[in-house]
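Take a look at the structures below.
The same subunit A turns up in both complexes below, where it pairs with subunit B and then with subunit C.
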Partner chain A sequence: MNTLSYILIQCGVILLTAPLVNGLIRKVKAWSQKRRGAPVWQMYADLYKLIRKGTVVSDVSSWVFKATPYLVFATALSAALLVPISIRIQPALLPGDFIMLVSILALGRFFLMTAALDTASTFGGMGSSREALISSLIEPSIMVSLITLALLSHTTSLSAMMGSMQLLRLPLIHPAFLAVFLAWMIILLAETARLPIDDPATHLELTMVHEAMLLEYSGRHLALMEYGAALKQLVLITLIVNLFFPHDQWIPMAGIAGIGLSITIYVFKVILFALLIGWIEVNTVKLKLFSIPNLAALAFILSFLGILQYLIVGGA
Partner chain B sequence: MSTFSVILAEKLGHEISEYRSNDRQEVYISVNRDEIIPACAVLQRELDGPLVLMFAADERVLSGNYAVYYTFASRRDGRLVTLKTPVQPENMTIPSICLTFPSAAAYEREIQDLFGIIPQGHPDPKRLVLHGNWPEGLHPLRKDYAVHHRPEFARHEITFTEVQGDGVYEIPVGPVHAGIIEPGHFRFSVAGEPIVLLEAQLYYVHKGIEKLAEGMTLEKGLFLAERVSGDESVANALAYCQAVEKIAGVNVPLRAQYTRVLLAELERLISHLGDLGGICLDVGYGFGNSQFTMLRGWAYNLADELCGRRFLRSTVKPGGLRRDCTAGREIPLSEGLYKLRDELSATVDIIQSNSMLIDRVEHTGILAYQIAVDLNATGPAGRASGMTYDVRKSFPYEVYDRLKFKIPEHHNGDVNCRMNVKIEESFQAIELMLQTLKNMPLGEINVPIGPLDPYRQAFGLTESPKGENLHWLMTGEGNTIYRYKIRTPSFGNWAALCHAVRGNIVPDFPLINKSFNLSYAGNDL
Partner chain C sequence: MILGSLSVLILLSSFVLMANKHIKSYVKTFRAQSLLIACATGIMGVESLLKDSRVDVLVVCVLIIALKVIYIPKLLNKTHAHTHYKVEKDFILNIPLLVIICFALVVFSYFILSSLGESHVQLANSVSVIWIGLFFMISRRKAIGQIIGFLVIENGLFISALLITEGMPFIVDMGILVDLLTAAMIMGFMVNRIDEEFESVDTDRLNNLKG
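On to the complex of A and B.
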């Protein structure tokens, strides 16, 4: 497949599906509270509304504040290119690997945290400092768990990793992968600012992490920030569902029909995963801020167990 | 003469004058200004009771002087002993007692703002009620200050206590907050996340209620009392009615007393359910929040069915009730209460077995017993910290002495204890309502109250959902109010909250705050 059509399909599907994930999670939460809840399409409407609105920019802020929404969105979208939604559409030559993925996401986060400090508002600074705490605890787990997978599949490219996981048919029956998968569940919740690490629905600024950094944003800028966060969330979900629940081995046909079916199954997996995240959110309570290191330590131990298994038992 | 007066006379070495109001509960003792500190010390020792209220009155038309009152509550034998000291207009000072009675600190600042009586020796005599935009030397509760006078805007700097040290910085929060709540400014001094000091600047919704009441007829005063604070309207209205009824010397018919208990308990239930929902919401526990909010909706509907008003206003009046709201509604009401009780106990079972929730609320926001005592923290806040004090037991009003209920006892003083006190009290409120419905006799619901003599005084003391609610009323000429002092439980509890958050981390503040759930309106007046 040529690179251009890969980019078009990959970005198109991710851009279109990302807001749906938030809608589904909110729907599950609404059901648990005997509410009907907003339609699952609500975030699309919200983004459309915000994009048309004017922006208010604090006059004490610098260029960082204005550039950050675009950077956050751009880094999230570039990250999306590194995590194929289906290995059937991978281009012949795809540059970049998981180290690049982590770096790109870190770049976006760096600007997000800097922009929150830029306006010198109380809550932005608190959000930044907490984000720095959480991400510095979680990033080692991301690296170690992905290194484990890279060692097991002898490649650092994510699409090649997905290909080798596919050969295993059911990767989760291997203990190494199971440990890494569980680590990734914690990583996902932490990276996407979800309960029990952060409460995306709260109105209490003093308790916020991710939301506190967005408080000064409005209109188009806010839309880009929210959309960027949704994209990043979907990228991480894609990584999990395609690495640990590969589906292409079950599809018999090749060509366009195979690609179409593969992408449909992918979207279906994402929907199921969104419901799972919703279920986790319903059943957890936000942790004390100083208990988050414990959870991060758990994620690190799980990913380290994965690497130990590789060293002792060898490849699966 | 009461025993306190005898002991006091002995201690001070001369005769003192004592008078009692028409009620056994209240004793007033006059002392000189110079003797106030020893007199307070004697009273505290003899009564084993805290200073529950300190207020002033402009009594220049009566005696040519201002008067400052110090009220101590003997919670063992249910008596309120008040020291009264005159303050001459040419020497507007009183000796500060706040070094021995920490709870007096705020009262003295309040009196200083509203009357211009200066507490000598007060360690931190900065403004409390009036903000920096109020001009110097203008004291609204003096009688020569016209109610609707609008002073010029002034610009005084309000300073906060500065914490110094490496890495300590201040977080200003409010006065406008993200939720639909009242305004209040919180100044946190933090070292990283842990809070070193919290200073709350309140009184953004100071409406001058006490000033507004002066000159109002006693009938109209009730409307004012009902509107002091939205979720304590029965408690405030009852305290007002009690004071008027004591002055009039009437006994309210039994049916009205039972109905009043029913209303007061319904109000408590509504308030506690809201707080429990809020605690769940603040830790991101959506299920718990929606359950308690639903239950509160049910309770509001019961209130609506009972008296046509969800906020329970226009229900009571001095001498009895506005109307017989329970007549003919006993059966649907008790069915509604049974349904509520079942759902509540199912919900409580679920939330109390959620270990993540318990982990959040345990050891968070501990209010030490001694601080609770010193600052007179009452209600669920006091009872969670080991104070077994409830106005309904110590100063039984209406028919509380005929009903069966227990005071919840908890000792850790953390959010968990306050939550459990509220849960237990919610169940008890339901039981109390069922008991009143069962025992309520038929009969009259009102006694007439004629015009009252001028310059008579009485306290009204009720247990509001938030704690000890104390009102003091002095009648004026022509059946009006001469002075109306309102002290809702939030006054003491706000100070306690500022202590309870120390050493906790910033993101836990909303949770601690919610577990106290104090009233801004009821404090700012």
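On to the complex of A and C.
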């Protein structure tokens, strides 16, 4: 498939699905509290409303504050291009590897933290210091777990990794992949500001991390920030479902029909995964901020166990 | 392959135990670990039943579920309900450091068992469970933590023996399980008595006995 149609399909599917994940997670939480809850497409309506509204920018803030929403959105979208939703639509040459993915996401986060400091509000500074704590604890385990996968599949490109995972059929039976998968579950919850680490539904100053950094934003800027966060969440979910639950090997037909079926199965997997995240959120309580290093240590150890299994057992 | 994954999960559960500080979740994690061990034993049992039509491994599996998954956790919960403390507060080191030291223990057991060749991976995982149980006993100051550590050591020993021998003689397994049951009962009883008498089960106070 050529590069242009890859970009169009990839961006289209990711942009359309990302707010749905948030809607589904909120719906699961509402069900658990015996409420009907907002419709699953609520976030689309919210984004539409915010984009039409004007923005308020503090007089004392610099260009960083205004540039950050666009940067956060752009980094999330370019990260999305590195993680193909289906192995069938990837172009012949897909530049970039997992190191680039991690650094693109880190760039977005850097600007997010700087912009929160920029307005000199106390909540923003508190939010960025907490974000820095969490991300510096979680990023080593992202790198180590992805290095394990790269060693097992002899490539650093994410799409080639997905290809080699498909040859295994059910990767999760393999001990190394099992350890890395469990590490990724912790990483996903930490990176997307989900419940054991950070509560996305709260605006209580004692507990918020990600929301504290968005407090000063309004209108179009806020819409871009929230859309960027949703995109990043979907990129990480895509990485997990396509690496550990590959589906393309089960599809017999080729061509347009195969691609359509593959994308449908992908969306279905994402929906199931969103329900799983909602279920996890319902069943956990928020950790104390100083207990987060314990969880991060577990994620790090899990990804290291993966690499240890690789070094002993050898390639899969 | 499935046994390998199970042994990784058993190792993981001992890490989770190490990163916890609520007594209630100690018992929960111990129960989950025992359940995983029962699964591994069940798989081995079905294999040996099909291969040489032995039923004793399956009987041991049922015994493990009865004792380690149901009875001993219940006993521990009862002991826990009587004592005064619910959360472990003072460790010898902080938790992330403890977890990383545990990981060094895992690397150590991989290193010492690496001469055995490729088949030893599951064995290395289960031997590390023994080390972690030992280290768990050292790192906790309260008596219930030490009972759990003892039980985790036993779990590690059991799964190692199972993986090496593909099912030990029935009488040996029975002996170990009954021994374990008696030990857990006596220790639970002792913890209760000590708590009643001295209003604390901090083992550091034993240092006062030194001359």
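As a convention for this text, the second predicted complex is superposed on the first by the 316 of 316 C-alpha atoms of A that agree within 3 Å, B and C clash if a C-alpha of one lies under 4 Å from a C-alpha of the other, contacts with A are read in each partner's own complex, and residues count from 1 in each chain.
To be clear about the criterion, contacts are C-beta pairs under 8 Å (C-beta built on N, C-alpha and C of every residue); 3 or more make two chains touch, one makes a residue touch a chain.
Remember, predicted model here, so these are calculated numbers, not experimental data.
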{"item": "Which of subunit B and subunit C A:196 touches, first, second, both or neither", "value": "first"}
{"item": "First (subunit B), second (subunit C), both or neither touched by A:114", "value": "neither"}
{"item": "Touching partner for A:218 - first (subunit B), second (subunit C), both, neither", "value": "neither"}
{"item": "Subunit B versus subunit C as contact partner of A:305, first or second or both or neither", "value": "second"}
{"item": "Touching partner for A:32 - first (subunit B), second (subunit C), both, neither", "value": "first"}
{"item": "Subunit B versus subunit C as contact partner of A:287, first or second or both or neither", "value": "first"}
{"item": "Partner chain in contact with A:204 - subunit B first, subunit C second, else both or neither", "value": "first"}
{"item": "Those residues of subunit A which subunit B touches in one complex and subunit C touches in the other", "value": "none"}
{"item": "Interfacial residue positions of subunit A with respect to subunit C in the complex", "value": "172-175, 178-179, 182, 293-298, 301-302, 304-305, 308-309, 312-314"}
{"item": "Parts of subunit A lying in touch with subunit B, wherever the complex brings them together", "value": "29, 32-35, 122, 126, 195-196, 199, 201-207, 281-282, 284-291"}
{"item": "Subunit A contact footprint on subunit C (complex, rising order)", "value": "1-2, 4-5, 7-9, 11-12, 15-16, 19, 95-96, 99-100, 102-103, 106-107, 110, 114, 118, 120-121, 124"}
{"item": "Partner subunit A, residues of subunit B touching it in the complex", "value": "171-173, 178-179, 193, 282-287, 289-290, 294, 354, 356-357, 359-360, 364, 505-510"}
